[in-house]
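In the two complexes below, chain A is the common chain; its partner is chain B in one and chain C in the other.
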Partner chain A sequence: MRGRRPSLFWAACAVAGAILIAFVVLPAASMIVGAGAGLLGEALRQDDIRRSLWLTASAALIATAIAFVVGVPLAYLLARRDFVGKRAIEGIIDLPIVFPHTAAGIALLTVYGREGVIGRLLAPFGISFTETVAGIVLAMLFVSLPFLVDTARETFALVDERYEHVARTLGSSPGGAFLRVTFPQAWRGVLSGAVLMWGRGISEFGAVVILAYNPKVISVLTFERFEGFGLRAAQPPAVLIVIVAFVVFLVARTVLLPRRGRSRKDAA
Partner chain B sequence: MLSSIHTRARPSTAAALAAAVLLVALGLVIVGCGSDKRQVKLMYAGSLIVPFEQLAAEFERSHPDVDVLTESHGSIQVLRHVTELGDRFDLAVSADEQLIPPLMYDRVDHETGEPYASWYCTFATNRMVLAISPKSPLAGELDARTWYRRLTQPDVRFGLADPRFDAAGYRALMLLQLAEREYDDPYLFEDMMMGRFTTPVTVTRNAGGVDVIEVPEILETQSGGNLVLRGASIQLVALLESGDLDCAFEYESVARQHGLEYVRLPSSIDLGEAGRRADYRRVEVKLDFRRFASVKPVFRGDVIRYAFTIPANAPEPGLAGELAAFLLGDDGRRILEEDHQPVLTPPRLDNASAAPEEVRRACGGSR
Partner chain C sequence: MIGLRGVEVVAGDFSVGPLDLDVPAGEYAVLLGPSGAGKTLVLEAVAGVRAVSGGAVLICGEDVTSMPAERRGVGLVFQDGLLFPHLTVAQNIAYGIGAAWSLWPGRRRRALRPEVARLAAETGVADLLDRRPATLSGGERQRVALARALAAGPRVLLLDEPLSAVDADAREGLQDLLRRLNIDEGLTVVHVTHDLGEAFAVGGLFAVLVAGRLQQVGAPGDVLRRPATVEVARFTGARNVFEARPAPGDSSCLALALGGTLRISGPAPAGVHHAVVRADAITVVPEGCPRVGEGDTLLTGRVRRVVCAGATSVVEVDVPPLFRVAVAARELEALAIEQGGTVSLRVPAAAVHVV
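Then we have the complex of A and B:
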């Protein structure tokens, strides 16, 4: 039953929400409008922009895939088990979020650069992280992995453990229970965390620019164009990546959005 | 297992904490908004960072009511920030005096209808060297006779400033072309540049005339090409120190400031000897801007000369004049020399009649 006060509350929520949405939409819209359809079409025809878009999207995808393989098990562990130092581990996973991006790039350089501990180890195999795609993937992975791990962990936590126990009593291994009981219920949340991570990856600048200025990801290209050629030159690549990302997010959300009552609650 | 989203703190404690944080944030915003110091904005070429940060600090000490705000980029960027990005600076300092006429005299400020600048003051010089990373196996191996051959070998990674954005970049290209005459190697430039860029940098030799180096608008390094490009030459220093570069073309002042070992190059190519102007002028670099600029910038080889101007739209021209006088005076000279930046004595003015009184005085009267 709704009285007058509850609807005032909802109205306040809507107003606050509208302000925030406007805050986001205004710069995005002004950029898109400022670039204009002609400029965007022209941009798509430019080799270096197309290459940069592809590089950015695919490097972020690789980083997300790596994080998926390594991060999902960790997320599951954090969701299910208690152990000494668990809070510290969770804090460490969130560390890349607070790292200033350029500082993260420098930190990665000292370890994975030509003279770094790992850089030197891998150099004989021809693996280099400076001025290479591998370096871009590394930087993106570092700064955006908390998004996947945290989201996956929360999702797993919401899946009722009892179902796993039931699976175990029926003879399943812990791994089997995870694959056949937990993950099917959790995959949407995990995937939405992956999409978030991908989005964070494609927008990274500070860490990437230190490790791998070349080949240029879209954020570096935009910066260089702005610095070197002015606003008009910088808008097309920036707008294109925003549009690409927006489309991806939209598709992901419509595909992944859990319908009410499914996969989040115990549907006995 | 309790999910971590279930907070253990009681709601009232959490609310109190949130309120406290918000109040502190608000307080910081209010405090930050008030500042009664006068500000002078200094925009300068990256290679000057060490002496100029010291200059700014000492100026602030002798002028306690003034805040010096500094920003640095490659020389071309420095001037474009004023003329194309609409930034307003009190002092703009370039590592190449010849950039100021085409990029500032010839550009008109739409707001005032006047050129962005109409004079400049040349105050310092430098020379190009090949700086070597302390962590490189090349340390001790390179010398003035053999460096160019070693650099073309696949295991050497060298760094270059982007010639489209930084004077040090096109100066390094000029150096390489001039080296052909010095070392009597007509293929030196191509050997050095082959396979380094996705769109190549080319040179057209005009026997007896001026060799023209053309830089494409989109300059991208080829992966595996072992050439590292950065928008400002100063950014190469960090890579030299970390060992991610074996060597890089840098200004001598910068190499000395950072304690880097370097190869001193022949004066016929290092752009540092006033008497060699005729040699240096035998090469020019043309930036092949097609899409973004109606003018294709051309830079002629010449002795390295650092210059500054006070843009016509400077927000604090009075303070700018004081800072300029400080730079040209005893204090400025001392700081520059301490930091291995060779000073031009006396400083020279271009179009002196347009320059403010303090600058003219500091340059020793008119002319």
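Then we have the complex of A and C:
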């Protein structure tokens, strides 16, 4: 009897998990299956969908690259150093997660819009964040930044700081120790955060639609088609972005980030 | 060679120091103390990877207190080796030789190969150069970590519990290697451990740290036989530590707070002290032939417990107070010592140390 209890427990866990997985998979699968291969082909033939898909993916990539450059050093700082106000900074980084995204768009507009402090400053140089690609990147960066910074910070924290101590005694500067010892051990986690951030970026609607309705990213295009022409017209772009996101995540999880499973076994 | 001048290190609520310590060039010093004493903090302060909150750290007479770790010329080896897991053994060793090892392929890399091979041969890891750290045993990892530390040509080698994660066989080999590096190459070593046996196997100078305070610095024999404080006595395995004061009317005797007296060599100092007697300094006297010397103390008590620990057992004898006596297994049998029996103990005056 004693041996049966754990299996019942794991079975209960599996059932609970299956309900959750079905909850996530069902709408996506229903949309893809309902659309069929014909609809997908139709979507790929339409110029505005192709342009929108390219714009969405590249804007999210630029936002992720910017976050990588400024967010990874911050994540490392937060993982390694204790200082006054650290908690507050961590809270500020996570703020976009709890911001309603339309509110985030309005907040961005007050700063980067034509009448905003920074918007006004940059206008003479021909830089505008309203109705431009720069505005889309800005909105995506704002709402998805926490995914990269938080994941990178947690990954850096998992790398034993004493590796850096050893590297320092072997002649490396703090920056050298980071680049040659810490980052090579943490890159998978950082990349995982980057993929998450990119994924969050391509799906952004609320902040983008406030700051830059045009040019249309895929979520805005889907919304516009749904409003103007109904469900059937909105399905092609929606299906396409779901498939692109799914493929990218699948490649990231199975090819780029396979170490996670192995290291857990090693640790055991 | 290494000098600590009033060094203080703070880590959260815990603080170490102020510490004053001198480790001469070519010395093998062991920083010894129980877990949580602050040994690693001191080592990290010497290495420069932890800031001191007061005092000065000197290496070769040079004040390095504000010098970054990479310029101090120290090698650091941790308990688990901490080999860089993304590099091979050869790349780990080469890390300290040329900062450009992993960035410069080709000629620069080939130029480093003989030096890597020499260090690998010296530390006994020549056949492991292409392996990844995850595939090495604990002992192999420590040898590679030593080779890597030596590659940078350190003035001082700092070892943090380097033998505690390796098995007995590998430990002996590593101890030999460490002693060889110290004696043959004149490398100054500071070795942190809480293991007394390990300390005796390698150390030439003991510095005992308890609760963040340096309690005693001296030769291993001195620390063992003449502990400076009760904490050192307890840490070094003295099993009999009793509060005592001079016995009234007899200046060569100490009256123990828990009852009874002990003869000591020399006059008893005034005031309250502690009498320290190592368990292996007390002998069980066979019944009927009490060979008691002029200055010895003869005690009789009941055996409360016999704790077997391999070749030697510890016999607890309630005199009172409770004395712990180390008795060899064959002696235990010959003297028919058993729980509940009565035995006589001889405590030589020279074995009673007053702190």
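By definition in this document, the second predicted complex is superposed on the first by the 256 of 268 C-alpha atoms of A that agree within 3 Å, B and C clash if a C-alpha of one lies under 4 Å from a C-alpha of the other, contacts with A are read in each partner's own complex, and residues count from 1 in each chain.
Methods note: a residue touches a chain if its C-beta (ideal position, glycine included) is under 8 Å from a C-beta of that chain, and two chains touch if they have at least 3 such contacts.
In this text the structure is predicted, and so the values were computed from the model without any measurement.
Participant: When the two structures are superposed on chain A, do chain B and chain C clash or fit side by side?
Facilitator: These partners fit in the superposed model.
Participant: A:213 in the overlay: touching chain B, chain C, both, or neither? Say first, second, both or neither.
Facilitator: The first partner, chain B, only.
Participant: Return first, second, both or neither, reflecting whether A:170 touches chain B, chain C, both chains, or no partner chain.
Facilitator: Only chain C; A:170 stays clear of chain B.
Participant: Taking the superposition on A as described, I'd like to know which of chain B and chain C A:157 touches: first, second, both or neither.
Facilitator: A:157 sits against chain B, while chain C stays out of touch.
Participant: Tell me which partner touches more residues of chain A in the superposed arrangement, chain B or chain C.
Facilitator: When the residues of chain A touched by each partner are counted, B comes out ahead.
Participant: After the superposition on A, what does A:94 contact: first (chain B), second (chain C), both or neither?
Facilitator: The answer is neither, since A:94 touches no partner chain.
Participant: Taking CA centres, what is the chain B/chain A/chain C angle in steps of 10 degrees?
Facilitator: Placing chain A at the corner, the angle measures out to 150 degrees.
Participant: Applying the document's definition of touch, where does A:181 land relative to chain B and chain C: first, second, both, or neither?
Facilitator: second
Participant: Report, in whole Å, the shortest distance between any C-alpha atom of chain B and any C-alpha atom of chain C after the two complexes are superposed.
Facilitator: Superposed model gives a least chain B-chain C C-alpha distance of 11 Å.
Participant: Quick check on my understanding: which residues of chain A belong to both its chain B contact set and its chain C contact set?
Facilitator: Touching chain B in the first complex and chain C in the second, no residue of chain A appears in both lists.
Participant: So in the complex, which bits of chain A are touching chain C?
Facilitator: 160, 162-173, 176, 180-181, 184-185, 266
Participant: Enumerate the contact residues on chain B facing chain A in the complex.
Facilitator: Going through chain B, the ones touching chain A are 1, 3-5, 73, 76-77, 80, 84-85, 135, 157, 164-165, 218, 220-221, 223, 228-231, 239, 242-244, 289, 291-293.
Participant: Can you tell me which positions in chain C touch chain A when the two form their complex?
Facilitator: So the residues of chain C touching chain A come out as 44, 47-49, 68-70, 72, 74-76, 78, 82, 84-86, 95-96, 99, 102, 134, 148-149, 151-152, 154, 158.
Participant: For the complex, which residues does chain A have touching chain B?
Facilitator: Going by the criterion above, the answer is residues 47-48, 79-82, 90, 109-110, 113-115, 130-133, 153-154, 157-158, 161, 213-216, 224, 226-233.
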